[in-house]
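My questions will all concern the structure given below.
Chain nomenclature is as follows: A, B, C and D, assigned in order of appearance, with residue numbering initiated at 1 for each chain independently.
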């Protein structure tokens, strides 16, 4: 039931172990995002993640709490990087524990879809196209919107 | 891109490390199922998982391959236990690697939903209600059916 | 014409295996009706149901699943020499 | 009546921060129109747009996001003493 904003890489195995603790629920879903080596058509060599610390913490805590209530999670965790990231490094890790698989998986997906459009992080890429701020994607806004209308699966 | 049927507990951290290898894709989704301490209204102390080995291997390999094609996975893994399982132990682990989060998460969900109804495993519970075979759930068949009609998310 | 030499493997799982006390055996199809040119799963069920009331009941439960050579099939699937035919209740893994 | 003593913190992020060369500063609202009893985000945008063409352009881009005290708001949100008001482009985390 917590959020981490961190400069260092995310230790996925340690996060998982901490999420489930001594008595895991029946269903655990996780998602990990990594820095890609490409963006649209060009190569990416490095990513800089700017963030708004106080707001990021508040948005992610609210998001975890509301996903927890909606899907009856017994535990959840959101870890997000900031700063300079190399290709292949972790950006974000989300874990959700529930009684049934549908709830755990949907909670992970809701958190990721909402985080993409609502959490104050901005990606700046370095690569074959020089340096540039990553533009937001219409598809992300569409995925976000699904959760406002859709019934709980 | 492989299936494991095993008597011993699933090492989630080792499975994850092997799934992503040296160069992870951009998006990794995982699901882990654990033995619950209850079923319907009564307590469960132990589970015995019977399986049909040759068919289970074939069904899970076909399932991984078809999810891989449908969602463009760069890697996937399904590990499933059999034999005697204590409460809190792992039953099943699924991992999927894709370019985008929606594909990785949907692949995990498709694999789990299909596995529940199509893979030849049968749960026998021991607990406060004595020993009994677990009955299949209508809800599982409904979740399975979604994937036959739904467009790829 | 059904050949008298056809032999298949029958496998039973879960509650079926437990109720009938057998998990695997060979079945010789010599005595399946010679009027039909092909033997299907329905014919095998009929044949095995003659083994007794417990077999008849177990093999005629509405949600029985049949898998021929590791693939779920309907009762009209045709059975051939060397095939493996399994009967079991709905699956409950995962 | 707008009070001359109202002071808020302005924060800029990402391409906005870069284009305007500032990330954080205090803004005194003494000179906001005294005709309105309340100062809203739209009024702050108007005030800051007077700082130059680059400010005007940056603060009037169609997809600008405004967050008041760490929460995304519309331009009619009312700003009070001690508030933190941030401007930034659409978010691209995760």
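Note that a contact is a pair of C-beta atoms (placed from the backbone, for glycine too) under 8 Å apart; a residue touches a chain by one contact, two chains touch by 3 or more.
As the structure is a computational prediction, the values presented were derived from the model and not from experiment.
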Neighbouring chains common to chain A and chain B, by label:
none
Just give me the whole-number Å value for how far the CA centre of chain B lies from that of chain D.
50
How many angstrom lie between the CA centroids of chain B and chain C, rounded to a whole number?
28
Between chain D and chain C, distance of the C-alpha-averaged centres to the nearest whole Å
76
So which stretches of chain C touch two or more other chains?
94
So which bits of chain B are touching at least two other chains?
33, 101, 112
What are the touching chain pairs in this one?
A-B, A-D, B-C
List the residues on chain C that touch chain B in their complex, please.
11, 13-15, 17, 63, 67, 70-72, 86, 88-94
Show which residues of chain B lie in contact with chain A when the two form their complex.
12-13, 16-17, 23-36, 88, 99, 101-102, 104-105, 108-109, 112, 143
Footprint of chain C on chain B - complex, ascending
33, 49-52, 54-56, 58-59, 80, 91-92, 112, 115-124, 133-136
